[in-house]
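Okay, so chain A shows up in both of these, paired with chain B first and chain C after.
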Partner chain A sequence: MKKTTKQMLYTMPAVIFIAGTILVGAFIAVIQSFGYFPEIGLKNWTTEYYRSVFSQPLLFHSFVYSFKTAFLSSVVGVGFGVVSSYLLVTYNKELNLYRRFLALPVAVPHIIVVVIVFNLFIRTGFVSRLLVGSGLLESFEQFPSLLFTDSGFGVIAVYFWKAFPYTIMVLYSVLRSIHHQYRPVSMNLGARNYQYFIHVVLPMAKPMILTTSIILFAFSFSAYEVPFLLGATVPKALPVQAYIDYTSPILENRPYAMAINVLMMVVAFVLIAVYDFVSSSVERRRNHA
Partner chain B sequence: MRRVLKLSCLSIMTLLVVIPLLLLVALSFGKGYEFPRVLPAELSFESYKYLLYEHPRMLSITWRSIQLSSAVATLSVLLGMLAGKGLSGDFKGKKLIERLMLLPLLIPIVSVAMGLHIVFIKLHLANKFVGVLLIQTVIALPYAVLIFTDLYKLIGEKWFEQGDLYGAVGHKRFMYVTFPLLSEGIISAFGICFIVSFSQYFVTVLIGGGRIKTFATEMFPFMNGGDFMISSSFSVVFLVINVMMLLVMEVIVRSFVRRGYHSIER
Partner chain C sequence: MKRISISILIVVALFIVGCSPAPTVEEAPNVEMAVEKPLDGTEVYFYGWGGDQRINTYIDDYLAKKLKDEHGVTLVRVGMNIDEILTKLLSEKSLGAEGTIDVVWINGENFYTAKSNDLLHGPFLEELPNAQKYLDFEASENNYDFGYAIEGYEAPYGKAQLVFTSYLDTPPADLDGLKAYLTENPGSFTYAAPPDFEGSAFIRNVIYETVGFEQFIEMDADYDTVKEAVMPAMEYLKSLKPYMWQEGKSYPANREQLDTLFANGEVFLTMTYNPNHVSDRIKSGVFKENAQNFLLGQKTIGNTHFLAIPQNAPNVEGAKALINEILSVESQSYKFNPDIWGDMPVLDNNKLTEEELALFKAAETGTGTLSQKVLLENRYPEMPARLVPIIEQIWLEEIPEH
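Up next is the complex of A and B:
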């Protein structure tokens, strides 16, 4: 057998596994959203479910809520992550201990982070106790309700706490190799530290920063657990709303759930296209060099 | 001055990570947390006792849950090793396969699982251990594939050729060459896949139909229930189980590698 064919065969079990589940699941969600659901006797193709779902103002609010929480947490998280990995790189000698501590949240799953955020930010929680104890507030009633509100604070806090350590983990080695190669050159050419950071480090790390943000956004946009536990009653995050429609005792409501699911998948596909574009442009640049 | 500024920035970031974790542990061992108190009044194991005694099935569910996640991690490591070996070389359509492997990380698993549910029901996989095992493996597998692809690329061909030269073929090649070279990757891939599986809630409830109970599904109702101590002690136990599994795996893999070397010397 040719060596290249053999290489491909090695990947087949995993390919069959992932394609067989992800593609089949996505395919069924799509056909059900167009009203083809023979198991309960729905066989007419229709866009009725999309029209009805998209005409609800509530769904628009759900979309905005999901988008806002995912966007803010990944942008702020990646921002903090980039700055801290840069700081770690520029002072890397005695900072190994910092790096160890900053890596901890990567191993802490989201549902545990929900407990952490709850302990800190509920109105009778740690932060409120600190403020009351130090006399800045008189009672917990003055502490704002941060969780379970449409501000999405709790959800954003959870994803943020996961995002910046993840960014550090991914970016640290990249920034370090940039730093070793280009720092002396930049200094030699008279760049100041902030100029070096803005005009050398950031542009070179941009593709990595973008792909990291996309992965973080995609996850927080479509995960169920965190907005279910810490989100508002109205509006609900898209995955939460989809599951409510899915579990409705009226089986004819399932296509509504699937229409929301397809909306979420379309967003994911746009992200995948961007991811693909960014990572292939990196490869092209590497090939030119 | 600049240095002080940078160090204090980093210290603040580190505190953002460490203080919430310490608070979690402190609350889990606490008792008497009336409002203005910043920390609990006294040390107590009450909430841990609650987990053990008020939930008679907690121990058996935890054990079953460890078995499930170990199975998920093992399957992911095996498939990931093969795929990583394949993807470290070159062949037609490799880019497409690489993209496919990343799909579970980027596409909404919630949506895919709702679509798949009916297939699982038809195949009699729903509400069963096997069904949950399969769906969780899909979620964990990409991490294993990424780790092994990088590792195979890093190791390169040279050691395998070296082994061939000394006549390490078939199972001997796996035992004495491949396994020791990949051992670090096996440990970390197993650990990550175990954590990913152990913390799944949604797919477990959907595909398991509420009948397959795991540690995560049991602790879920307590997560925002308002009792700081109970939810914190659940979390601490959760983290301890994950760390312990990582250590167990490390010991197993290391001893396996060492036994391999000893048998060569003999």
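Up next is the complex of A and C:
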């Protein structure tokens, strides 16, 4: 008890600062989304902005687009990450490969990755030049249009580039401790490698995998710069639409931006609840054991 | 005891002597100093877009030094996007807080927002000696910013004009020529999607070239009115789509991406609001030597960018000194040199002496550029700011693939 009070006291300044900033920001977003923005003379509470945002067919497409890019990039990224961490734990015990190469992308900012993906995948980009140069394609025209399309390829590629090594970073130590404790036992009981992976590693790492996916999904669902720079012209991702409304010189458009922001906040809160549920169920299981 | 009282006497005597006529003697030069250098030792905070290293160098090295030498004022540049500056000014206003910004780089829609929300100090333009000396107060560009009356709340800083760049010896002369070229060379043209600045300007230019610009000057910012007026231009843009990059279904996000597509040969032209951009790109090796600016159509849209002083500026006099300095022949011609910035001057050529004109002529050294004369003679005014977001909205509904 004494220890927790002390801990709380020590973390108080940081908590007050961070929570204060976020809560004030969220509070302003909510009141502006309901039409209260006295600085420019809007003082009447209204749900007009929500109704207008929800009645636009484009918004639904934006939601689907954001959901699709965030979901695919985190699922594929985490999938590759899990398999790779398993392989690293099993076959590369010295960690050299990870430390030297795979940790690098985590440190590279998204905006730089955008430039890399753009230069790799435009029709006259690096990949297409390699294919044409090696004779696999006859001309640049045969290379498919990948960026700025509603397939969301560019956006997914950028988030995948970050999600993949991030998953390894988080899972590596977890898998290593599983490896030390359970692999000899499983092998002793006659499990094959794939059986050990599917029936032992995956169930034990499941909570970690789930929470990592949630973090990645929440980020890519609500960050604007990647879909702004590589996304389709239509539909625009939700955060891009919010950003455009927010930066519009017509200040009366801000409540629309805030309504979209509140919508994204709701999604984020739901994800936090899921995260909390998953991690507390792990806690419960541990306490029972 | 005696000794103490004597010392007190001496101290008192000294004090009386020290107090009497001496201060008045000293005050006189102080007053004179105050008239000459009231700003000495103060700071001026200059907020504006900080994304171009050359512009930053012009401000940090050249302007800051001049201001220091001539007024003893320290210039502090703060790089910040205009939407954030407006948010900051709005928050300061709603909190009644003391100001932090003395000069802000602004124009168009943002000036409209700032002025109509009482965020600006003014009018101040006519108080500046260099404005009186060199500006043409009759010129519409010095009276209207994107169609909105300036009324002395902004001072011109520089001029920009939309230009196109290609490698062709004879690029398409107008919109019909562009379409003819595209039917021969499908897939080789695109423009950045609005709200990108250049992409949005290109769409307005197509509107002007299709339906003329006069009707927009007094037009109401009403969706249906604007839509009816611009539909012929939208029809033209739609008719280009089958021959466009990615069949006109999607568009690059900004000018930089369009430049890359152009440099790779994926599209045949790029466009920019900075007529000297091409020489910079040739110099840095991004574009080939034979890149050449041209005007697509009769004229292209030009605009002026401005400087304003916030309502709550802590150092208004310092702000005026800076703006006055920027309006000098020396600062304007130095800025015009493409190696420095390449920003077009705002001074009235009729008010300049032969020697002063020669300074501007000497600065005009870009490769691949059009002369200032050609640009100024073929220049459309900007569209009223309130219409711009409506046009961008209509474009988004009509043009890209849904």
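Side notes on the structure shown:
We adopt the following convention: the second predicted complex is superposed on the first by the 278 of 289 C-alpha atoms of A that agree within 3 Å, B and C clash if a C-alpha of one lies under 4 Å from a C-alpha of the other, contacts with A are read in each partner's own complex, and residues count from 1 in each chain.
One rule holds for everything that comes next: a contact is a pair of C-beta atoms (placed from the backbone, for glycine too) under 8 Å apart; a residue touches a chain by one contact, two chains touch by 3 or more.
Computed from a predicted model, the values in this text were never measured in an experiment.
Chain B and chain C, once both complexes are superposed via chain A, clash.
Using the contact criterion defined above for the overlaid structures, shared-chain residue A:Ala232 touches chain C, although it does not reach chain B. Legend: residue contacts after superposition of the two complexes on their common chain; A:Phe164 is shown touching chain B, with no touch to chain C.
In the superposition on chain A, A:Tyr275 makes contact with chain B only, while chain C stays out of contact range.
Shared-chain residue A:Thr124: touches chain B and chain C both. By the touch criterion stated above, A:Ser151 is placed in contact with neither chain B nor chain C.
With both structures placed on the common chain, the touch criterion links A:Ala26 to chain B but leaves chain C unconnected. When the two structures are aligned on the shared chain, A:Ile244 is found in touch with chain C, with no touch to chain B. In the superposition on chain A, A:Thr211 makes contact with neither chain B nor chain C.
More residues of chain A are in touch with B than with the other of chain B and chain C. When the two complexes are superposed via chain A, 81-89 is the only one of 63-71, 81-89, 117-125 or 351-359 in chain C with C-alpha atoms clashing against chain B. Shared interface residues of chain A, touching chain B in one complex and chain C in the other, are 39, 118-119, 122, 124-125, 140, 229-230, 246. Residue ranges on chain A touching chain C, taken from their complex, read 38-40, 58, 118-119, 122-125, 140-141, 145, 148-150, 228-234, 244, 246-251, 253. Per the touch definition, chain B reaches chain A in the complex via residues 3, 6-7, 9-11, 13-14, 16-18, 20-21, 23-24, 27, 35-38, 79-80, 82-83, 85-87, 89-94, 97, 99-101, 103-116, 118-119, 134-135, 137-138, 141-142, 145, 195-196, 198-199, 201-202, 216, 219-220, 223-224, 226, 228, 231-232, 234-235, 238-239, 242. By the touch rule above, chain A contacts chain B in their complex via residues 3-5, 7-15, 17-19, 21-22, 24-30, 32, 39, 80, 83-84, 87-88, 90-91, 95, 98, 101-102, 104-105, 107-112, 114-120, 122, 124-126, 129-130, 132-133, 140, 147, 161, 164-165, 214-215, 218-219, 221-225, 229-230, 239, 242-243, 246, 257-258, 261-262, 264-265, 268-269, 271-272, 275-276. If you check the complex, the residues on chain C that touch chain A are 83, 86, 90-91, 93-94, 108-110, 112-113, 117, 187, 193, 195, 246, 249-254, 257, 260-261, 264-266, 385-386, 389, 396, 400-402.
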